[in-house]
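Going in written order, the chains are labelled A, B, C and D, and every chain counts its residues from 1.
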Amino acid sequence: MENSFEPKIVAFVCNWCTYAGADLTGTSRTKYATNVRIVRFPCTGRIDYNLLLKAFEQGADGVIVSGCHPNDCHYTSGNFHARRRWIVFRQMMEYMGIDMRRVKFSWVSAAEGAKWAEIVNETVQEICDLDPSKEFSETAIQKVA
Amino acid sequence: MSIANHVDVTLAETVQDEIGMSVNHCYQCGKCSAGCPAANEMDFAPSIIMRLLQTREAASEMKILGSYTIWLCLACHTCDARCPMDVDLPRIMDILRAESLRRKVVHRGARDIIAFHKSFLHTIRHFGRMWEVGLVAGYKLRTRHFWQDIVLAPLMLKKGKLALLPSYHKKLSSRFFSNAGREVEQPK
Amino acid sequence: MKIGLYPGCSFEGSAREYAESLRAIAPPLGMELEEVEGWSCCGASSAHAIDHGLSLALPASILAQAERQKMDEMVVPCAACFNRLASAKSDLAANARVRQQVADMIGMSYAGTTIVRNILEVLDRVLTPEVSKTFPNTFPHKVVCYYGCLLVRPKSVTREGRIEDPVQMDELMNRIGAKPLDWGMKTECCGASLSVTRTDVVGRLSGNILEDAAGRGAEAIIVACPMCHSNLDMRRKDIERTTGKKFSIPILYVTQAIGLALGLDHKQLGMQRHFVPVDLKGKSKIQIKPQTGVKAAV
Amino acid sequence: MSRVGVFICHCGENIGATVDCRKVAETCAAIPGVSYSVDYKYMCSDPGQNLIREAIKQKNLTGVVVAACSPRMHEPTFRKTCAAEGLNPYMCEMANLREHCSWVHTKSDATTEKAIDLVSMMVEKVKRNKPLYSIKVPVTKTALVIGGGIAGIQAALDIANAGQKVVIVEREPSIGGHMSQLSETFPTLDCSQCILTPRMVEVAQHPNITLYTYSEVESLTGFIGNFTARIRKKARGIDEKACTGCGDCSTACPFKKNPSEFNMGLGMRSAIYIPFPQAVPNKPVIDRAQCSYYLRGKCQFCVTKCPANAIQLDQEDELIDIPVGSVVVSTGFNIVDTSFFPEYGYGKYKDVVTGLQFERLLSASGPTLGEVKRPSDGKVPKKIVFIACAGSRDPAKGIEYCSKICCMYTAKHAMLYRHEVHDGDAYVFYMDIRAGGKGYDEFVRRAIEEDNVNYIRGRVSRVYERGGKLIVRGADTLLGAQQVEIEADMVVLATAGVANAGAEELAQKLHVSYDSHHFFAEAHPKLRPVETNTAGIFLAGACQSPKDIPDSVSQASAAASKVVGMFSGDELTREPVVAVVNRSAPPAFSTCVGCFMCQSACPFHAIEREEIKTRDGKIIKTVAKVNPGLCQGCGTCVAFCRSDSIDLQGYSNEQVYAEVMELMS
């Protein structure tokens, strides 16, 4: 990373696919960047996108949302609901002036340990190129207020 | 063989740097040797070359670079077309030949082959294109095989397949040639 | 159809009949061939054998010239040249830094926009089943199609889907009324790159090819590669010396076979230049000794 | 004020090597609300667990955070520990310091920093945890077994013999699977049919087993203990009750030239057919793709010839819903697609056959009645070559893994061939011989030493035809990789085993995970090999990975015992991770506005309408209510709720927000 700063990234993942996938990354001892903290949910369908705002408001530089591939959802359709709501919510975040490159959406199955490592490293790299997140404090607040 | 005396930059590393794949990727199934049309003439079958690379031993490396095999490779790509591990043997052979020339440990039987390549490149260097007469003349001078294919020439001439004079006079820019060639890294 | 042409050195020497037959069949097939100006040798097997830089520089300079002449496509009849150009092209496409270095070496800009086509791809396009119906003659012979290495391997370079059993040439033969036979040597190597230096190896490898072809009662072997042709035709005596067998089977360029179907005469197609006389009446006659079981179990 | 205990596990060196556990423990001790913090070598060990129990007692803890491995591994362990000490198990949470931290990072301050974050995050969560009480749900004591191969048969019989009801669904017209196609079985060489057929009959006659052949699972809904399976019973065109299996119909059928699936295309069958003589049930099926009646509306020979008038040409598919408590998936494997080996000439040369085809040629019930004859001209091959790893261990073509069974069945093939054709030569080209297993290596040695099978170590480059012979060009890597050329009469490919076509689709219907090769994924590679990640669904046999018969059978019995265990009580306890609609008394105070977005979002139809009435029965409003029996706790409803009236126990808004805020502070 040319950029010196260590971004804070939080990952909202589902318990059945991505969390298990991340476990597999561990059991296969694949190394990746330390910047990501995983918050575990039963399903991406549970993820209330206000959490993303909260994360940014609290000073996160990036967010990863990851769950089961389409059709693989442990609860049949949670990930579809998540995707559908995201389409709407994303526009609002854009309106609020948050750089959408800070949010990474992905599907990682329980078998894709290597993919999880890649996603984390990519995201960290991309966020590093973006500099620390200020949008929320600078733009979002005023717009909403 | 003692696994003790390793060399600092092994051939294995050189190869890996250039083809972007560890030589350990080869699991010695022998499919390359099985299909190689020139294997019968070789001193080491292709898969043995891979094995020798894997030992990362000075002694093995001398065996490889001094081998006839690397010069007999026809670059017919039968091996890598069928290799279950996608090992690009023809490229590895290219690399080994270059290294063998660089370290000046070329197999004596390969002299003719090199002589041929040299005269070939010499010809195109001077005429821009291949010119059989020039090529063969150069080759014969280098190898002293004056009588080889002596019957072929007049026949080719009769059939109009041999141009007594080169068709084209355009010296190739020297920038094209090996000194320059060395600067070019092999694509991964 | 207007298309670029890179003849390659052999077109002026050992493969003149290939050149002649191609130029002869081009007009009736509606091909307009535009030659790459001031072309040089592609480096063939020697360059990449001992000078990697050169093996990229020469093809690059040719392709760069083709670009200057605004060629979207360029047909390369010589399989060896085709393979060199195509693989250099993909090597250069794979690595920007190398591309730059090579561009500096040849002192020309290189973008890699010209598509390199082998003869079969092009013939397949112009010699459609419809077109073939308009031919005055047919080529009613049992033949085997010999592709060799350079037209099919490596897959990544040649875009050939069926590397173990290619069929484009067989289809072309079908279209002109020939009967392509299934045989075992379609893509075996003839030993080209050791032609001069290890004639004995060539003798053995090419011998196998002639043997299998003749053994299956083929009247001719159809090729699309000057190297293969000169090995199987010009080197016939050497082959017979190493194998101790006599072979009468003629070797025809795919373009010559098509030429015959187009009703062109032997002279127009450069048949007289062959070392092995082209007489397609008599079946090739040789007896093949029965093979032994396990060969190399020594 | 909560009193949380933090327990940092070193997991030997696994965590301790890269994370400074002592530092983590010390830092966490300072977090407000934490009244005890300690690190220890192995938390999951007895002394470790006692450490926790003591702390709960001494410090009278209200919550526990164990920072160790993945909760998917040990959460149950530590929750039990807490429960044993009287602390509500759901007041215990785990921070994943091993899989998500120490194993994926190198030793550094950053790593320890991350560990601290992960722990404090969980501390903030636990502070907000509420005691939860596990939910009791009734169990339907019927097991669904999908796939009637040897694994399915074994599982079904074990469950049925334990006195529970079983439903078997088999895609093909008969049960028996691949095992019924095999000639003899290694390492004992007893005839496959002889040991299998009695089992098949037992299944058919067992009072506790209902058999649906020529049927497929359409869908599976519900949850552990309470699934509903919808089964499509494909139309056989036969009244199975009336049919006596006499076979007159097949004899009468004029369309006899259809390649037989059972004989791998080496034999022919009629359009109406019984797949093989020992089929169970022994009832024919009409192949509508081949039958003239369906193609041209003509010919009813079978109808006229049937003495029992059992033929029903107008029969249609049937959909049957069956309530089941648990599922055993045993759909087996298949062999790799035949277009896989251009260099071996499969499909081009008749006499290049797959392992399964060769089984049919060896089998007494096969097209050649057990005589080894080559397909092209029916001659007995005098020289035969077996190519091992045909497809397996070939990343270039896409199957990286070892198919496990090929080494053994190839040895068996070669051996049986030598027994059959005494003057014949058998060659085996192999890379490694993988014969781990009881009596396995001895078996291979016997093939080599007593039956003189020529094993040659090296892969075959190419097979091609010349003068009626198959030229096999290989190398002997033990002789300096010198070339070997064999003029063979026949070539047998030790074809790789792959997941069944449609395995992915089925996995999605059942909501079980599968690996990159579409084999079903077990819950834990070592400790939970027959469970899936979906409670109540178990795996048996080759659908989980290629397996030989002994392995499949033992896995089947294991799965069966899991099912029987599940059925041992009348109800199951379920994790209380379910959604609830806030209902503070008096009920009218529920903030739910009754928009029922949640209802449309819920995949399990767990949300019901509840009318809130006054004493005199006047309806004040209609609000949502979650049926805890049906709720699976995905939480989709929570994210949908516009008035924050619905929340997920264990993942409440309060908890997850606290986690996020802690992380960023």
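One rule holds for everything that comes next: contacts are C-beta pairs under 8 Å (C-beta built on N, C-alpha and C of every residue); 3 or more make two chains touch, one makes a residue touch a chain.
What you see is a predicted model; the values in this text were computed from it and never measured.
J.: Counting C-beta pairs in contact, does C-D beat B-C or the other way around?
T.: B-C
J.: Using the average of all C-alpha atoms in each chain as its centre, how far is it in Å between chain C and chain D?
T.: Those two chain centres are 52 Å apart.
J.: Any idea how many Å lie between the Cα centroids of chain A and chain C?
T.: 55
J.: Whole-Å distance, chain B centre to chain C centre, using C-alpha means?
T.: Computed value for the inter-centroid distance: 22 Å.
J.: Approximately how many whole Å separate the CA-defined centres of chain A and chain D?
T.: 30
J.: Out of chain D, which residues touch more than one other chain, so two or more?
T.: Within chain D, residues 343, 462, 476, 482-484 contact more than one other chain.
J.: Where in chain A do residues touch two or more other chains at once?
T.: In chain A, nothing touches at least two other chains.
J.: Could you pull out the residues of chain B that touch at least 2 other chains?
T.: In chain B, 40, 78 touch at least two other chains.
J.: Applying that definition of touch, give me each pair of chains that meets it.
T.: A-D, B-C, B-D, C-D
J.: Considering only the defined contacts, which chain C positions touch chain B in the complex?
T.: That would be residues 9-10, 12-16, 38-41, 43-54, 56-58, 61, 91-92, 94-95, 97-98, 101-102, 105-107, 149, 153-155, 163-164, 187-189, 191-194, 196-199, 201, 204-205, 234, 237, 272-275, 296 of chain C.
J.: Applying the document's contact rule, which stretches of chain C touch chain D when the two form their complex?
T.: Residues in contact with chain D: 162-165, 182, 184, 212, 215, 291, 293-298.
J.: Taking the complex as given, what residues does chain B use to touch chain D?
T.: 27-36, 39-40, 44-48, 78, 82-86
J.: Once bound in the complex, which stretches of chain D touch chain B?
T.: Within the complex, chain D contacts chain B at residues 343, 389, 393-397, 431, 457-462, 473-477, 480-484.
J.: Quick one: in the complex, what on chain B touches chain C?
T.: Contact set of chain B toward chain C: 37-38, 40-41, 72, 74-78, 80-81, 88, 90, 94, 97-98, 101, 112-118, 120-121, 124, 128-132, 136, 139, 148-149, 151-152, 155-156, 159-163, 167, 170, 172-173, 175-178, 180-188.
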